[in-house]
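Read through the structures below before going on.
In the two complexes that follow, chain A is the common piece, with chain B as its partner first and chain C second.
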Partner chain A sequence: MTAPAAVLVTEPRAVGRRRTPLLTVVGAILGLLVLLTIVIGPWLIGKDPYAIDVGNRFAGPSAAHWLGTDELGRDVASRIAHGARATALIALGAVALATAIAIPLGVLTGFLGGWVDLVVTRVVDLFFAIPSLLVAIGVVGLFGPSLTTTILALGLSYWPFYTRLIRAAVVGIRSRPYVDAARVLGASRLRVIRTDILTGLVPLVLVQTTVLLGFAILDEAALGFLGLGVQPPQASWGSRLAESREFILAHPELALVAGVPIVLAVFAMNLLSDSLRDRLDAKRTG
Partner chain B sequence: MTGEPLLSVRGLVKDFRERGFGPGRSTVRAVDDVSFDVFPGETLGLVGESGSGKTTIGRLIVRLEEPTAGQIELRGQDLRGLSGRRLLEFRRDVQMIFQNTQNAFNPRRTVRSVLSDPYQIHRLAAGADLDERMGALLRQVGLTPAMLDRYPQQFSGGQRQRLGIARALSVQPALVVADEPVSGLDVSVQAQVLNLFAELRRELGLAMLFISHDLRAVYFLCERIAVLYLGRLVEIGPRRTLLENPVHPYTRALIGSIPVFRPGGGFTRTVIKGEISDSGPVTAGCHFAPRCPLWREMGQPARCREERPLLRPAAGGGMAACHFAESSPPLAANLAGQPSGGHA
Partner chain C sequence: MLRYALGRILLAVPLLFGLSVLSFVYVRLIPGDPVTAMLGVNSNPTVVAQLREQFGLDRPLLGQYGDWLAGVMRGDFGVSFRSQLPISTIIVDRIPATLQLAGAGLVVSLLIAIPAGVAAGMRPGSRLDSLITSATLFGLAVPAFFLGTLLMLFFSLKLNLVPSQGYVPFADDPAQSLRLTVLPALTLGLAISPYLARLTRSAVLETAQEPFVPFARAKGLAPRKISIGYVLRNALPSLVAALGLTVASLMAGSIVVEALFNWPGTGRLVTGAVTERDYAMVEALLLIYGGLFIAVNLACEIAQSLLDPRVRLT
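Presenting the complex of A and B:
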């Protein structure tokens, strides 16, 4: 072999700094706001969300109660900040549960194919025939409403479509020439899954996690609104919505204050998932 | 071309079934009773149109697919049912170079990560030794060790194909199956990569199965050439014989399709009539007959539609599968010897 030809050496192209899209900035700011509410909100407000003050019901915003008080005279700001923690816990738990089922199942069915694939795919199809909120209500009916049940209910209603998504992605990756190349080099199935399949799933999982977090926040609110979520007096965004419902004609501002954080958080998640999707395009890696 | 063959393929058949369940699924025979040998250090060219089954043969040999019937032997050892440690040993002997596409390499892994795989799988090297061997490997294919930490998409098409060659050579195989290794590359880059193949073959004594639809590339690199049509081997022979005196009507048409520059000006080429798909499923006889110019010239003899022609020795040391190979007049073209000088 002659000395390496100089022609073959090219330097990596300098990557021009792209301007961050406005919607990404908005999503990041809103997301940060939600995160701050969860982490330091309760401490910042410094009020007991469970302290009842019947003499001070439906009070407007004041220095003592930033967002006023509710039907039992409890501090609304504090209940929302504490509720954010419960809601976040539920959303994260539900997404983690769905991911923990979907990734192994999706990889197994998509990579191995055969009868395992056939059986699991049919079961997933079966679940598709049932509206996911109905699955959630069924689970709550079975175990009784609580924070843990809400996590279980939402996680179990998300796994079928998530599994199908992962399976489709795995089938796509499996047929790539680089997977063939790994097999020809003698890589075991486990090694191929680790080096090629799972790494290929990272962008999809990141995007889906943010999308599902948005869904979970919304569905927690829906379950809470139906009285099937976190039970009073424990605070969550969903239960806050349920509590304010009774007084929606007399005091609509309570429902509004309960609803706005949900809208903002879901909006933030959707914006972030969109920008993640754009960023993680494989062609631009490196 | 003497002594024991390195790779011996006998009666290879591969059927692909339509997806779905139960009976009534149609079967496509992609490879139909194909036999050939590859000798140590030899490069055999496998040519044919798309759909002729050449890629499937390559995938069968590297065991990405299981044959429906037939034998593949490496140094006399049957490869069927190979598993575990024996399969891993086989993987070190036979490697594959893939067509250069965006997906030939995982875009999320650095060259270092991809190239270290074979050394880990076969426990060939680790630590500083691994770095050194990967660097040497890159130099061997005309790249630099500094490129180890780049991602595949930071390379040009030609460089990426060099990486593909490096990946296959990492385990020091005796046989390399190269599936369309230069298609999809610029013509100037094709020449560089073909030269690299020629050099590596000389230095390492590699045997190669070179799968291509590019006759010029095959002429440049291969000692022997096998021509496939619809999954069947129609002619196989030494490069010069096949080029200067092809006997099978299909091979003649294939060679006639190379545009030839005439000193008088302009190009001439003969074009085969019809499409590969026009023939439809051929159940009996010669599968080329529906498109065969010789068959029409001879008044469409019934034997071609009834009896399958077998490979038999033809003039010049090759083999051809045609009942009437002797009847064809010698190829009166001036292209003999023209491409054999090499194009790169």
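Presenting the complex of A and C:
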């Protein structure tokens, strides 16, 4: 379909970028690839990620070991695929935790205002003042490194920033005419929150979920790299990196193989969140 | 101006106070108590009691907090549970290395991010913009330590251009010190530049919509003069404010980069203190990192108001 008349109208230059959908397609393909790795990867490879074979250390790629073997002779491909499950679990858990804190707090403060808003916002500011990786490291310090701790640490390091976003969005929605209309018609506060505020938050939450999933994969890897994440021998993308780091000079290919899935998964999340943002125009509410 | 600055500083005081309470409470949240956590469950009870007394852990909480805070005000953070050395001495020793890395990293990231962000923001939707935007999204996906590993493998192991790891104080051997800084600084700078480029792009994009831009264009000014002299100058205040927030990624990035390049800065202390369960040290570092973040953001807000006096009115 063409619209020749549009050419004649002198419009101001488009504010946003006119995205080639190519990037969205790339993001979707990469995302699907990651999803497949998580869901059927371990089954497809069919190797035990914990089976040690000391006679066969640092072997190159072969029919038996698609990506070779690691420092203990374990199958690298299988460790990556099983690790993808642990990493996905951590990322989803952390984002769910952050969302479970941020939405109630953000809605409460943004909608009610007053002293509740004042007090909670100060507390959020306080936590916001500590860089999120440091919050995560602090939580690991309290409970000791493990998979559960990693979920807790990442979830707790994202909520301040997320609560701020939700609060700002709620303040924006609250002043919309349709909210006034609902109140004039006699809708209770709870009803306004349920039908107007929460539904209005959906685009923002969708975008932020993809953004935070990307962050969580990166931060899980960072904690793993520092030795504060999932502990070896348990497989995760972060622990895989921590393991490969010791042999980085002699066997750099192990570190490469450990890092590439992280880059691809996070890139997929970034592309998807960016095109979601463009499509849903979350900026208008956030 | 002074009034605005004072007001901002006063607003930061309760935040700093809250931060001190938080760091203090954090250590007391540890299941069991710090000394047992450090020595292990099977430690000798007399030794534990002795250490508890030495660190003042057997006294009432409020008194402990008061003493600790009074010490912090004098620059005394107590003694490391692990090495028994004063924490302030340990930290002060590490500061030059971290500053050198963070400073060099920041310069690298500004050199990449500002031109990229301005180029993309001045012509939104252009081919250059989508190229820069895709590169930014990709850059955001590359973990700093992975990037650092690649750089290390390529520049020092393959090409043998720079040493791969280590640190020499600048005062001891400036040339070697700078050579050793190249890779860590490049890693840190490249890791942060996507964030900065994004911030720059949106600040420039917003400013480019202002009516003075088409006016300058109509006046026949060169595009370069418009983008640098007009748009970037007017986007500068919001950029400076955004720069304050980037300090958090700079801090987080340096923790990881220091671990990768064996760089003896404060970031190594953070990881070390947590793995060794040196809680007095963790407490001090939380307070220092948080305080620094608050202070830098305060400075950025004041700088913003100097660049754009209108900010003071809001």
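Annotations
Note that the second predicted complex is superposed on the first by the 260 of 286 C-alpha atoms of A that agree within 3 Å, B and C clash if a C-alpha of one lies under 4 Å from a C-alpha of the other, contacts with A are read in each partner's own complex, and residues count from 1 in each chain.
To be clear about the criterion, a residue touches a chain if its C-beta (ideal position, glycine included) is under 8 Å from a C-beta of that chain, and two chains touch if they have at least 3 such contacts.
No experiment lies behind these values; they were computed from the predicted model shown.
Of the two partner chains, neither chain B nor chain C is touched by A:R189. After superposition on the shared chain, chain A has more residues touched by C, the comparison being chain B against chain C.
Contacts of A:P177 after superposition: chain B is touched, whereas chain C is not reached. Using the contact criterion defined above for the overlaid structures, shared-chain residue A:I248 touches chain C, although it does not reach chain B. Overlap of the chain B and chain C interfaces on chain A: residues 13. Contact residues of chain A toward chain B in the complex are 1, 4-5, 8-10, 12-13, 176-178, 180-188, 191, 195-196, 199-200, 202, 282-283, 285-286. Note for the complex: chain C touches chain A at residues 14-15, 18-19, 22, 26, 29-31, 124-125, 129-130, 133-134, 137-138, 140-146, 149-150, 152-153, 157, 205, 209, 248-249, 251-252, 255-256, 259-260, 270-271, 273-275, 277, 279, 282, 285-286, 289-290, 293-294. Touching chain A in their complex are the following residues of chain B: 59, 62-64, 87-88, 91-92, 94-96, 98-99, 101-109, 113-114, 117-118, 121-122, 139-140, 142-144, 150-151, 153-154, 156, 158-159, 162, 164, 167, 170-171, 199, 203.
Taken in their complex, chain A has these residues touching chain C: 13-20, 23, 122-123, 125-127, 129-134, 137-138, 140-143, 214, 218, 221-222, 225-228, 241, 248-249, 252, 255-256, 259, 262-267, 269-271, 274.
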